[in-house]
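Take a look at the structure set out below.
Chain IDs A, B and C follow the sequence of writing; residue 1 opens each chain.
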Amino acid sequence: MGIRYFTFNDVLYLLDATKWTLLLSVIAFAGGGIVGALITLARISRIRALRWFAMSYVEVLQGTPLLMQLFLWFFLLTLFVPVKLPATLVAAMALTLNASSFVTEIWRGSIEAIPRTQWEAAASIGMSRFEQIKHIIAPQAVRIALAPTVGLLVIVIKGTSLTALIGFVELTRAGQLVSGVTFEPLRTFSFVAAIYLCLCWPLSAVSQRIERRLHVGRTPERGA
Amino acid sequence: MTYVFQFGEVFRYWHWLQEGVAVTLTFAIVAMILSVVVGTFGALARRSRHRALQVASRIYVEIIRNTPFLVQLFILFFGLPAVGIRLGANLAALTGLVLYNGAFATEIIRSGIQAVHRSQIEAGLSIGMSRAQVFIYVVIRPALEKVYPALSSQFVLLMLATSVISAIGVDELTSFAGHIQTTNFRSIEVYVVCICIYLILTLILRSGTRALGAWLFAYRRRSKLAHLR
Amino acid sequence: MSVVRLNAVRKRFGPLEVLKDVSMEVERGNVVVIIGRSGSGKSTLLRCINGLEPIDGGEIFVNDRKLTRDERSLRVLRREVGFVFQAYNLFPHLTVERNITIGLTVVHKMPLPQAREIAAQVLGKVGLLDKLDAYPDELSGGQQQRVAIARCLALSPKVMLFDEVTSALDPELKGEVLKVIAELAQDGMTMILVTHEMQFARSVADRIVFMNDGRIWEVGTPEQVFSAPKTPEMRLFVSGAL
């Protein structure tokens, strides 16, 4: 491949790679939501061992770099799974687990923001613990959790860029490839950044608007 | 297939890990200090009476917060030489970390300034201070104190984010993990050890910043004890 | 010569007209006490005199210099006008001594040792010399307010404005603050104070200004205003307040 200019074809290629960024984000966000919900339940459980597990789970995933988590999963899965796994699967798994730790933090915070008396009131009319959560606590917590959860989507999208470093071809990796053949890194990566901006800015704006409407300032936005 | 873990193979390269930790911490600390400065000016610009400054600060924060740090690094390291600005890996990494973290610091410090009560500003004005003097002597310290916990967690996030600068060839902890792994092929052990090191660094930074806060804002503690006297 | 002169001052907050054509003069060494129902515009009047609120009409003169919105001249004005707030507004991150010296060193560019001498002097005046190194949170409300008065006094203002400085205090703490103010009056300090302490107003004031609905409704010596109120509003206010 010789040197050539940054052309319309490169634009199309980058837009096509954005598809993978989006797909990965959706998987990680949805997966993170499901796993995160389970961990949240463990986190507020009355069984001490479960609470302890959930706490350590969050601590490890939030206290270490996402990039290191990606590398570790990459090597673990390569070594212990006999069939050759596509990078997509490794990336999706690492990002899902990472997202789930954020989800747990957000939801736990939201649940703790509900006054103790709401639990007691629900218990006093004879609800089981699960019913209390389902009918009384969760519906209220969802309102509080909404803004940071939308904000999490931005964090997840930005986080997918790191999968470029384990060879998964999404937007950032595509940018590396294009800049490698066009020798126009400034134009290429600016364009890549612009695409991310188009994906994330609206989400950030929505999150901020919801937050302002609810007047609940909490959970500082975190980056990847 | 059985895999025999050999962590000893990793600890043979202990000096590399040590060096990696030192570089990681250096980048984190220097970048944190500089980004508090950037954040203070960003917050000031946002509250300035000049519309252009407000807009500039806003755009800076939104662009940085809504694009991946890795892409920002690539622009600084691979992109800028195209317009004749050659930063080198270390400087590009530091610039990237400061710009990146500075955007978050801007938002945090802005909220802190907002939380300082108007009456404090009026008290400063009433003894004849200029607006700049009010900011320096009356507003900034209580504002930073209010957001100190938020800045502390941001510091931990920054330290974790430094792992990304390995992507442009800065030799910090994550890079050294890669070096060791290509030397001894004990990749899992290496990454397990390094993840543990990062976790320990996180815990140390958390308690460290807490202790620093207690020292920096000692008068708070004193006054909490006041009722006992 | 008047230290403060207001000429047909008007002030509005959006549609709400808070000061309507207020004119008054305060002579050197005089103590003027402003009384009136809550919401009648007393605080706003004081804040306008200190330039904390811009006015919408009329003129304000301090030492015959006209008050403008220009930053620099506002700062010059504020060196001559002291303001004591209802909520003290001490700087929580500074010691009592630094609260007092900061205006001297930062605004008046005075060397610190000299500023500290003055701090000791004014703290002695309000009876708090032993609290030099304390932080505001460690003091009672009455003590904090006395420090606030000392902070103001240290800058040797030509006139001091007091806005309900005892209304946030418990009854047993009001006395110590009022005593300090009475002593200042004795020393000949020019003062404008807003207060609900009618006994105190009576004893300390050279002149009482009764504000009602954003206007100066009635003016006179304490004797005239309290014993022989001219307007029904003043009569009602006096009977309610005493």
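Throughout what follows, contacts are C-beta pairs under 8 Å (C-beta built on N, C-alpha and C of every residue); 3 or more make two chains touch, one makes a residue touch a chain.
None of these values were measured; they are calculated from a predicted model.
Because contacts link the chains only in sequence, without closing, their graph is best described as a line. Remark: the per-chain Cα centre closest to the mean position of all protein Cα atoms belongs to B. Pairs B-C and A-B differ in how many C-beta pairs touch across them, and the larger number is found at A-B. Work out the mean CA point of subunit A and of subunit C, and you get 56 Å between them.
Separation between the centroids of subunit B and subunit C, computed from CA atoms only, is 45 Å. Centroids of subunit A and subunit B (each the mean of its C-alpha atoms) stand 21 Å apart.
Annotation for subunit B: no residues touch two or more other chains.
Across the assembly, subunit A contributes no residue in contact with two or more other chains. For subunit B in complex with subunit C, the touching residues are 119-120, 122-131, 133, 137-138, 141-142, 145, 217, 219, 222-223, 226, 229.
The residues of subunit A lying in touch with subunit B in their complex are 59-60, 63-69, 71-72, 75-76, 79-80, 82, 154, 158-162, 164-165, 172, 175-176, 179, 184-190, 192-193, 196-197, 200-201, 204, 217, 220-224.
Chain contact summary for the complex, subunit B toward subunit A: residues 1, 3, 62-63, 65-72, 74-75, 78-83, 100, 104, 107-108, 111, 150, 153-154, 156-157, 160-164, 166-167, 174, 177, 187-188, 191-192, 194-195, 198-199, 202-203.
Of all residues in subunit C, those touching subunit B in their complex are 50-52, 71, 75-76, 78-79, 81-83, 85, 87, 89-93, 95, 102-103, 106-108, 135-138, 151-152, 155.
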